[in-house]
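In the two assemblies presented below, chain A is common to both, partnered first by chain B and then by chain C.
Coming up: the complex of A and B.
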């Protein structure tokens, strides 16, 4: 491998790490840590392996068949079920986008002290301008690298000297203490949903198709999805550990997005607080752009429109209009003043319901020789793919009842 | 297109991407119209794209068709090849498959970076 290739891959991995965490991970990891300590760390591992399995698969499908995820959803499930999946995923994308924008506004407010609603508006205008003017490579880099400031949570986790024996114990699923069983399962579902959010695979596969991935990119696909997401998972561990050490003993329930950065301030000081806020701002801002575009990709791919960030908006006008409208709708949702943390919880739980119909077509096509030739799933990818599909199905069935029964994790 | 490999109409053509002669997306195969049942070999006569072509596609399709306009009919003779996409012999404009993007493009032509 040449130095240039190595650098390209290293940079890709870095932005994948910075881009891994979004508002769903922030909310669920800190709340899980504050409620159950280290006991739910094992769920993050399961979630991260799941997103690795399916993003590798859809990256490979995109590279070989040149078809993005929603093309496959439509081709394999037909018009009716495909349209149902489209509607569900658009609702989820919109809610998630709104929650991320709320996160942007809260972080900006903590940094500047200006009024929340003004910052929502400024935030959305900034995101639209960035999306309109910058190519995705730049957006990915700027937001991905600045999102790496979140590594301050890893430093904080180490500096807080957690009981590492107990941390290790958290990676083994088993009986739990503190909090009810229902709430425990609610967090299991939420953490899986936060790690395996469907917009990530929509966005990833559409980007791969637009970048013209082919055989040559199969290696890059493996490396970025495996290493990028695995390292990104460490940020989730760090968030949960920090919350477990600082919030659980004091009985603090992090129902406000400003709570996690304060934790890093406690361990690393003023600079830590600043880094945490900048990290959250860019991680969440980047995710807002990704969710918005995922929504536009899905619409365009379902109806067969011209799409792509590189297409001139006047040529792919329906695609351009879609992402602008999604940003506008998300703006309206946040402007109602509904709590972004609650919005996040709902978006993650509902996203779990849309997961099976998103992942099943990927699994089917990845095994279809007419699309994939000799690059169909190997045994490992299939065993994991099927196991995860069963997990996703169980989780999808349990998600809404748990949300209702636990009153959103309140017990 | 190759006549030797059989294609499953439902899995291999229906709901697949239509691509015009310039390689641009121009809709989906929303419905197929078959003909020639009185002959020995029935054939695909037309591809229906958009609008009320959805009315035969289940409950949600019926609802969507009510909200949309007329479908565009593309004769099967306009099909160049079938792979994971259905490639057409002419451009989207020539086959009247560009109306959707035409309708909204005025919004963007004046903006910097729009056209």
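Coming up: the complex of A and C.
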């Protein structure tokens, strides 16, 4: 593998850590583990395979057509459906971005002890400066690689000596114990939503266009989506295992962003705590940038504006203004003082409702020879794509009723 | 226009219903009290774990102070709401026990922020006992 290809995998790692493991995964995986032990590990596998299937499609569509997904969504589905998809995804992006910014501020507070609201401001200023000044490659490297500190949760999971037989059993769907059936399904929906958040594919495909992917990168696309998201899934397993071993027997219901790092501290000590906090800071910070840029990409691609992180802001002024406005709006949402963990729960559940609007056009375009030539979906990609679309439809219908009926998973 | 009004009404109902889901009106039922007890158990148990890890030198001083303060805020909010809550006469003694337990948990968590290693150890034990008591109350209400 050439050095260029090796570095290109960073795009996948950033998407995996900053996209797959974001505040939504931290919240839902630890809460699921603390409520149902290892019994929901199988849902993470389903979510990981789902995001791999659709990311690979998005990357392939971007590499062959040289156009990102949202550009094609509007062209393929028409203005009305495209606009509905745009509005839904922008609302979810904004909520998610606000939750990630809140997560950055909380993590900074756990590290520094400074006031929360001051850290929200400092955090947003830092993210804007980083997004404005650093080239795309450096944003990928800084956030992607420092986000890898989250691997400390895998070490913690091993050091807590879980019953590996029961862990293995958790990968098989079946009957459950420990909480109500409604709450169980609420977490199934939440874990799938956290794994398959729409902004991940928008960001991934736009990044592929910006990186100038072509036919040569199709193999790289496969490797990036599989390795990147599998790594994200591996971290999700670790979070759930840690919560199952440490929090479930004690009756701890993780409602704070400081709770997962406490598990790392308990198993690994002070170094473990610091690695967990740094990992969370960069994973959540990277996700804040991703959601913000995904929002700006969608707007620019829908309205046909010049876009791209590589473009000088003066040349792509509406795109640059869009991401600045999204950061500003997210800042206002967090400054209201609304709990970022609650905000995360709502943003993940609402993103589930928007999933079919995101994934159906991708499936259709990936099968359209007009765009894809001979690189349309193969049989396996189509079978998986259709199966996942049915799953997505079911969870989208169930998401809001489950949120209300379970009082946000509280039972 | 009629369709638009319907959409606005539905959005308004959803906006009110989502945060209030599970409130159940002004009087606390046995199930709502049991949920409060579960929530107190969680706060106390997490405080105990934090105190234990802090006394073993596994956390930083800043982390312990900030995280115990977050837990304290939640316990203090629960104490205030339990103190003023109305419930059926048969559940009044449980409500009072929970309110006083919540206050004790909040006080312990408040002390934990600036405690010495020795105090952290004794707070870990106290919070663990409070978690067990909350659990007993919750089980009794189920």
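In the analysis below, the second predicted complex is superposed on the first by the 391 of 411 C-alpha atoms of A that agree within 3 Å, B and C clash if a C-alpha of one lies under 4 Å from a C-alpha of the other, contacts with A are read in each partner's own complex, and residues count from 1 in each chain.
Assume a contact is a pair of C-beta atoms (placed from the backbone, for glycine too) under 8 Å apart; a residue touches a chain by one contact, two chains touch by 3 or more.
Since this is a predicted model, take the numbers as computed values, not measurements.
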Original post:
Regarding the shared-chain residue A:321, is it in contact with chain B (first), chain C (second), both, or neither?
Top reply: first
Original post:
Should A:304 be classified as contacting the first partner (chain B), the second (chain C), both, or neither?
Top reply: first
**OP:** Scan A:354 for contacts with chain B and chain C and give back first, second, both or neither.
**Re:** neither
Original post:
Just chain B (first), just chain C (second), both, or neither: which does A:251 touch?
Top reply: second
**OP:** State whether A:83 touches chain B only (first), chain C only (second), both chains, or neither.
**Re:** first
Original post:
Which residues would you name on chain A as touching chain B in one complex and chain C in the other?
Top reply: none
Subject >> Interfacial residue positions of chain B with respect to chain A in the complex >> reply: 11-12, 14-18, 24-28, 30, 49-50, 54, 57-61, 64, 84, 100-105, 107-109, 111, 113-115
Original post:
What part of chain C is in contact with chain A in the complex they form?
Top reply: 17-18, 21-22, 35, 38-39, 41-42, 45-46, 48-50, 53, 57-60, 62-63, 65-67, 70-71, 74, 131, 135
**OP:** Mind listing the chain A positions that touch chain B in their complex?
**Re:** 65-67, 71, 74-76, 78-80, 82-84, 132-133, 300, 302-307, 312-318, 320-321, 370-371
Original post:
Along chain A, where are the residues that touch chain C in the complex?
Top reply: 109-113, 246, 250-253, 255-256, 258-259, 261-262, 265-266, 269-270, 272-274, 277, 346, 403-405, 407-408, 410-411
